[in-house]
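In what follows, chain A forms one complex with chain B and a second complex with chain C.
On to the complex of A and B.
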């Protein structure tokens, strides 16, 4: 369905030296340097898959999406979607895809929302009856009814986002690109949007590429994760394989009456944890210990803790995807 | 053709609604233009009074007044903001959203702008033409309105608008290179204003310079339709200038297609 091969994008970036003098200099003799935003990324997405495309800010996610949607031309490498090259046959290609950029809108700013859908219906040549069916479905899942007659510029962020998602799904696209579709939204709206994505995917086998910083989106929707950092792919696999591979960090919380528990316990010396394998924090009586369970088994750490200090309440949490990603973003990934 | 029309009709409609939304803005714009028109009138009034001659370079005072009013009207009809719209979309990155739709980039602008102006121009045209004719009648005592000339004027205006539109699209693509068009736009408006006869009639320029300027595309913008309406051109001259307009229209249409192809390759979407 989607085939990405050795995709690469370079930008020329003008460098301005600081201060007024620098501004003048760059006005007359601009210096520029080459920035590699996306470096040799390859992956395939089969039909009907929801792919979570994640990475820290500035990793190059949006650039990849822009190349896949045909807005940017790759410096080198190829991407084909349904056998089509996005930059070659723009008009026929974009008919088959739906796109939402969370920070922009494709809706007509000055028109009532309903009119925008009318325009889209003509542009995508959606027949009348399937348009009606589609609108009824989207109305139900995304609850558009209450604001469908208001001009787009008067909508709240949550309303606008729901409207944008609906607009991207109106013409039953084969592939849906969602670039941060839940950015800045409340829990209820997020749920609405997730359920719309899920239903479309299930009913029509729509392939979905989803970038987000909300890992709940990924856990609830994605079959597979591709993670990129500094323009390169660093992980490609299912959510559970991510947990298996990087999820050895466990979190143990307990309450104790001893004031300097971390010193008394001395986990690092006892079990030989490295610097990245362990963190201990104490806040009043509550101690939080994060440790790498592949260095020392949970039972050993637990037993040792109970032995050394007086513990009143203790629990150990399972690997949490958010914790994994946090660690990966912070340290980068060593393959 | 019918399919195409159906496809772009919503853009006309959207353009009309946009104008309706910002009607106060439009009224202020009109007031500004009318003021400029009045200033122009008083300057020429002073020129004709101090010269003591009835005719300067083939223009009587009465014709000069008609010229000013018609320039005002024609400017409105053929004016195009396309370079600004393209430039702004490049600057803030919304061009991306337009690229994601299966429609021709240039055509969406064309039809949207057509929608923007169709209502207002119709509203404007009648009173302005009445004023122009009234002035002519008051000063010279004869009615000179000709239906045929009026229809040729409309035809010529259409050609002029398309030239202006495609020229502006080409100019707007500059934004891909220089990122922000405001300064370049100011310069362009000044140069075009002079070369198109919107500031002074091209007939007032020295003969050699005039011959060259009349061949340039800018003279095809305001000057040709106005001169046709005023009956300053003979039949053959009219045909010649209409032909010239057609030539420039095709030239800029082709150039805009070419530039679009080149620009989109080096497009870099700014922000997000």
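On to the complex of A and C.
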């Protein structure tokens, strides 16, 4: 349904020397260099999928999303939704999509929320009867009733986000782009937003492209992850395949009366862990050990630990996605 | 036809939103209206002081000069009232990445930007302009014909589009430079020359305000036709032509600019 083919975006960046003098210099003799923000990215998204689109800050995520939403024109390559191309016919393309940028709002700031929906209804040419049905549905999913008559400037961040999602869904788009939809929200509100996204996806088969730094969003919602770094795609697959591929890290936690457990245990020497394969932290009695289970099997590490120190409570956890991503962001992905 | 109806509908809705927004902050609105009336009074006083001391200027009578002055304020005021949002493109919207919003909506971006805001202050120019025209016109002994009335009314929207076109071209520069407020300002301010008969300037200035930044076509030349009935082909035709050329240029540069638009990091 969404087809992204060899997408590339270059920016021209002016190089400025520091200070006022540098600014003057660049005013009269500007120097610029070409920066490749997105380099040859391709992927497909089938109808009804929730795609988690992730990558560290500055990886080019926003640039890709902005090309997919018709905001930026690609330097080369293209993206299409059901064959429609934003650089060819932007207006018919954007009717198919809804866009929410968590850090911006498209609501009319000074007016009661209801007014925004009235205007968007006209902009998207939603007929009166389907508008009513639509508002009823969005009301049910996002619970707008309690603040729909309040001016937008008085809404809390969580209310505003719900209102913005509703605004982007008013014209029943086939694809919903959500850029950081849970940024700055508390746990309960995050849960509400997530279940709303899930409900919209389930009931209407809306395809969702989700960018976020909160990996719980990804883990709870996404069927599939595309990860980019330094402008290139570095991973494309399901959450579980990401775990299989990079998830050999296990986390073991135990309590002990030993003050300097990490020195006494000396995992690195014993099992030959490299620097990236192991981390040991001790906080009071609680010791957290993260290790690469492909270097040493869990049973060995567990047995060895129980032998060497006095352990009162112990558990070993499966790799969680956050840990995997943290490692990938830090060291980049080696293929 | 359907497209025009839709455009008018959207325009009407945006204006309604703006009026509601003004009502939302009633105190600000009332103070704004009072301030606006004070400014207009002082403008009128200033005009009176100037023109009371010039009985005639290079063959132009006081009434004729005031008529041109008043006529120049009408297209300027209409553009200012309806299409003032272009200034924000030059100063904020592009630089802050807020232009994203327009690109994700199924409405022509230039149209959307143009009609999104109204600037009530402009009513001052419009009221003063119409008043000056109404006061001076009966005293000028103009010979009216059906054609003249028709052309005099018809020329106003085209004169307005000369303003809008110049602002569109200069505002679009922001897509490349991120900020073009000063560029708009520089060109826009040339309209100060257009309030007076172009004949009083030297050839260089006259040619600039006729052919390059053609604000003289928004007042002096149409007024010349109304006063003398001479050469409608140039005096009115050039205004129509300039409006068409500038708006076309504006639309082209605007859409080129969108391709160069870089948004802002988020």
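By our rule, the second predicted complex is superposed on the first by the 335 of 335 C-alpha atoms of A that agree within 3 Å, B and C clash if a C-alpha of one lies under 4 Å from a C-alpha of the other, contacts with A are read in each partner's own complex, and residues count from 1 in each chain.
Methods note: a contact is a pair of C-beta atoms (placed from the backbone, for glycine too) under 8 Å apart; a residue touches a chain by one contact, two chains touch by 3 or more.
Owing to the predicted nature of the structure, the values given are computational and were not obtained by experimental measurement.
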| item | value |
| --- | --- |
| Combined model on chain A where chain B meets chain C, clash or fit | clash |
| First, second, both or neither for A:216, with chain B first and chain C second | neither |
| Which of chain B and chain C A:69 touches, first, second, both or neither | both |
| First (chain B), second (chain C), both or neither touched by A:36 | neither |
| Contacts of A:108 with chain B and chain C, given as first, second, both or neither | both |
| Partner chain in contact with A:92 - chain B first, chain C second, else both or neither | both |
| Intersection of the chain A residues that touch chain B with those that touch chain C | 11, 62, 66, 69-73, 90-92, 94-95, 97, 99, 101, 103-104, 106, 108, 110-111, 115, 118-119, 122-124, 151 |
| Of all residues in chain C, those that touch chain A in their complex | 6, 9-10, 13-14, 17, 20-21, 24-25, 97-98, 100-101, 103-108, 258-259, 261-263, 265-266 |
| Complex interface listing, chain A residues touching chain C | 11, 62, 66, 69-73, 90-92, 94-95, 97, 99, 101, 103-104, 106, 108, 110-111, 115, 118-119, 122-125, 151, 179 |
| In the complex with chain A, residue positions of chain B that touch it | 6-7, 9-11, 13-14, 17-18, 21-22, 93-94, 96-97, 99-104, 264-269, 271-272 |
| Footprint of chain B on chain A - complex, ascending | 11, 62, 66, 69-73, 90-92, 94-95, 97, 99, 101, 103-106, 108, 110-111, 115, 118-119, 122-124, 151 |
